[in-house]
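Several structures are given next for inspection.
Common to both upcoming complexes is subunit A, partnered first by subunit B, then by subunit C.
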Partner chain A sequence: MTWDWTAVSDFLPHLWDGLLVTLEILVLGSVISFALGLVWALLMRVPSRWVTWPVGVVTEFVRNTPLLVQLFFLFYVLPEWGVTFSALTTGVVGIGLHYSTYTMQVYRAGIEAVPAGQWEAATALNLPLRRTWTAVILPQAVRRVVPALGNYVISMLKDTPLLMAITVLEMLGEARLFSQQNFQFTEPLTVIGVAFVIVSYLASLALRALERRLVH
Partner chain B sequence: MSTDTLPHPEKSPERPGGELIRLEGVTKRFGDNTVLDHLDFSVAAGKHVTLIGPSGSGKTTILRLLMTLIKPDEGTIVVDGQHLFPASEKQCREVRKRIGMVFQQFNLFPNMTVLRNITEAPVTVLGLTRDEAVERARELLDLVGLADKCDAHPAQLSGGQQQRVAIARALAMRPKVLLLDEVTSALDPELVAGVLDLLRDIARSTDITMLCVTHEMNFARDISDKVLMFDSGRVIEAGAPEKIFSEPEHDRTREFLSAVL
Partner chain C sequence: MTPGLWELVLRGVWVTVQLLVFSALLATAVSFVAGVARTHRLWVVRFLAGLYTEVFRGTSALVMIFWVFFVLPPAFGWQLVPMWAGTLALGLTYGAYGSEIVRGALGAVDPAQREGGIALSFTPWQRMRLILLPQAVPEMIPPFSNLLVELLKGTALVSVMGMGDLAFSGNLVRLALQESAEIYTYILLLYFVIAFLLTRMMRGLEKRLKAGVGKAAPRREAVAAEPAGAGGVR
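Take a look at the complex of A and B:
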């Protein structure tokens, strides 16, 4: 086996294309999972079984089935019911939904870690429930959970290649395409491996900076 | 200290100087443990009442009931002529506006500056404008001697300073009733005096009604119009501080006082 630098330079334009798609999935997927996870976590605190039971069942189901199965379902089954999205949209929604069932647990832990005294002070000041959440509880809860949410961002990055299975050309998809066309596997796969390491390293740096700013 | 920086709650028109708080037959159980047992007592407007007694005797429970942090199992609680229990959530909110509380652990909001801790509720609950609330907060910070700490976060303050901010935060709502729940118990010994002096000033210069749970007997003697001795969820002795501290009638009171004094 020989290392062919021409293959690397031939692959680079495809790498950029794939990298952009990977980053797009990561950013949008993270936003969806952060937002939706918070919604789930808050719904689970509604004092009514008519809310917590269905939310609990749906999120347990999503958390305990493979992401790949969910992606296939969204991509191949939903269109049969007349719901059609692009492969990328489907993938982003799928991965965001999947990870939201993890982030909801992170938020739950963060919310429960806010001391009871904070709720009591809010009651003593007669703050409305909504204001108690937005001004007192959530700012403290979210600050606590940024490191844990960050871990899921890295985890999600490593799951982005699954979207290849529904025809999204992210980095692995580009590498595979290139390999099949040129019969060169070593170079593109190595290059995207390095690219994954660099992206996850930069992401963890960014998250640590965010963490420092929030804890301050 | 100028007195116009302090809250001057209006006395309720229908009962001037009359009864502000009344508990009737209030029972509170936690599981099998009856913390309050058919308790009756009332507090007249403007009076300072101190609750003393061994821990677990139900003193703090009374403050928490009045703040609606917990609900009684039986009984009636009336504040300022209106029911706090039984009452609808809406009425509860309305009555609660007249009650402020200072906690043992301060419970300041760590995510907000000192100033915002004090202005948050006046703006969102009382509907003050930002400027009005800030002005009120600055006057109160002046009163508690922390005018320079506006922009600090609670974590940057000592326990004593945090507690003084918490007192300012409670006063910013201009409550008629101030509940003080062992407010110096969590403080380092050298910080206790400053907080108690501040409360003495407030007690002396306002007509705010105070209900105070404390183990600081000298403080209780100084500020109280009336002292209630609790044991096992019941008031076993009540009276002027001179009487309770100098010539207690009940054996349990004598035992308790000799243990804490």
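Take a look at the complex of A and C:
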């Protein structure tokens, strides 16, 4: 096994570029999945089968099919329908949509864990439905589910390389480009493998700290 | 969609199913070995199993696949056929997630059961084989079922390396027809059907195993699917 440190130092500038894009995907994808997941979770509580059934079917479908194929779908089909996004935007929307079907379950569990007494108190105080949700239920539900949401951010991090398949130059894309130009595969691919381990480890440390603060 | 193109898709389904079966077998073996090793009394064994789990869970499955395809051959002189390279990468990655399931289920067995085994002077291996595993395995089935669906979704990643699986056949048909909405809808539906069949199968298995240790299968409403990484890193 030969290891060439000059290849590592040549690759480092590309690594930073790729890392930046990876983190950008991660942040934007998380925001979309948090927001959209909440929307799904609330729609699933609408007391009408005409709403819950389609939402349930669609989210179940998205959750049980590969993100890669969904990305291909968005990347190749949306332009046919006259909607053109950049590859990065498509990827962020795809990954956000995919993970929203997971965060929706987290929100659902959080909402169900709010004690029934809180609902009854809101009714007793004659709070309108909107206020009940925004001032009573959601603040308690969301606080409870922050750690679980954080876990999904970490698994999303490990799915960001899939965006390489739709030409986004994130870490893996940069590594592949570099290896193809220089015919050195070992160093860049190992470096980004280690980078992923480090970033996800740091993220889990941050998450643990956040969890401790929420508990106290 | 002409019959010829459908044949291409069917061949893709076959490759996906083969890859799924092989990597699921490898992942199961790995997760039991690593999961049981994490309860071992020697700290070296625990540490090595923990290191494996953390490294393979920390990195991305697609990065692992690239590594196995491009770094392993020049580094160790192994040139694996794509099917085995894909199996190795997916099996090791998802095995790391599975080892956490095994460890968690072993830890959840009532401690009195283990103590009973000690009192009856069972050897550690007998305790594991005769007391702990028969009770822990049925509890592992629901999380393993979720992991299996994640693994199915993970098999699509090998198409990036040019392996002719279901996702790859979708790309070929798109190039042939110059039209993507229809074929990708079919591909997604096929994946969904496979995932549905897998969860059904695992549900049946859980029922059988639970009956074997005198427990009824719980009602399934509350069990939520999790992606491979969820609950993971902590």
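In this section, the second predicted complex is superposed on the first by the 216 of 216 C-alpha atoms of A that agree within 3 Å, B and C clash if a C-alpha of one lies under 4 Å from a C-alpha of the other, contacts with A are read in each partner's own complex, and residues count from 1 in each chain.
Rule of thumb we're sticking to: a contact is a pair of C-beta atoms (placed from the backbone, for glycine too) under 8 Å apart; a residue touches a chain by one contact, two chains touch by 3 or more.
All values derive from a computational prediction rather than experimental measurement.
Asker: Does the superposition put A:117 against subunit B (first), subunit C (second), both, or neither?
Answerer: first
Asker: Could you say whether A:125 touches subunit B, subunit C, both of them, or neither, answering first, second, both or neither?
Answerer: first
Asker: Look at the residues of subunit A and decide whether subunit B or subunit C touches more of them.
Answerer: C
Asker: With both complexes superposed on chain A, which partner does A:136 reach: first (subunit B), second (subunit C), both or neither?
Answerer: A:136 sits against subunit B, while subunit C stays out of touch.
Asker: Touching A:155, do we find subunit B (first), subunit C (second), both, or neither?
Answerer: Only subunit C is touched by A:155; subunit B is not.
Asker: Is A:63 touching the first partner subunit B, the second partner subunit C, both, or neither of them?
Answerer: Only subunit C is touched by A:63; subunit B is not.
Asker: So in the superposed three-chain picture, is A:43 touching just subunit B, just subunit C, both, or none of them (first/second/both/neither)?
Answerer: Touch status of A:43: no partner.
Asker: Residue numbers of subunit A touching subunit B in their complex, please.
Answerer: Within the complex, subunit A contacts subunit B at residues 115, 117-118, 120-121, 123-128, 131, 135-136, 139-140, 143.
Asker: So in the complex, the part of subunit B that touches subunit A is made up of which residues?
Answerer: Those residues of subunit B that touch subunit A are 67-69, 93, 96-97, 99-101, 103, 105, 107-112, 120-121, 124-125, 169-170, 173.
Asker: Touching residues of subunit A toward subunit C in the complex: what are they?
Answerer: 1-2, 61, 63-70, 72-73, 76-77, 80-81, 99, 102, 105, 108-109, 147-148, 151-152, 154-155, 157-162, 164-165, 172, 175-176, 179, 185-186, 189-190, 192-193, 196-198, 200-201, 203-204, 207-208
Asker: Give every residue of subunit C touching subunit A within the complex, in rising order.
Answerer: For subunit C paired with subunit A, touching residues are 54-55, 57-64, 66-67, 70-71, 74-76, 149, 152-157, 159-160, 167, 170-171, 174, 179-181, 184-185, 187-188, 191-192, 195-196, 224-234.
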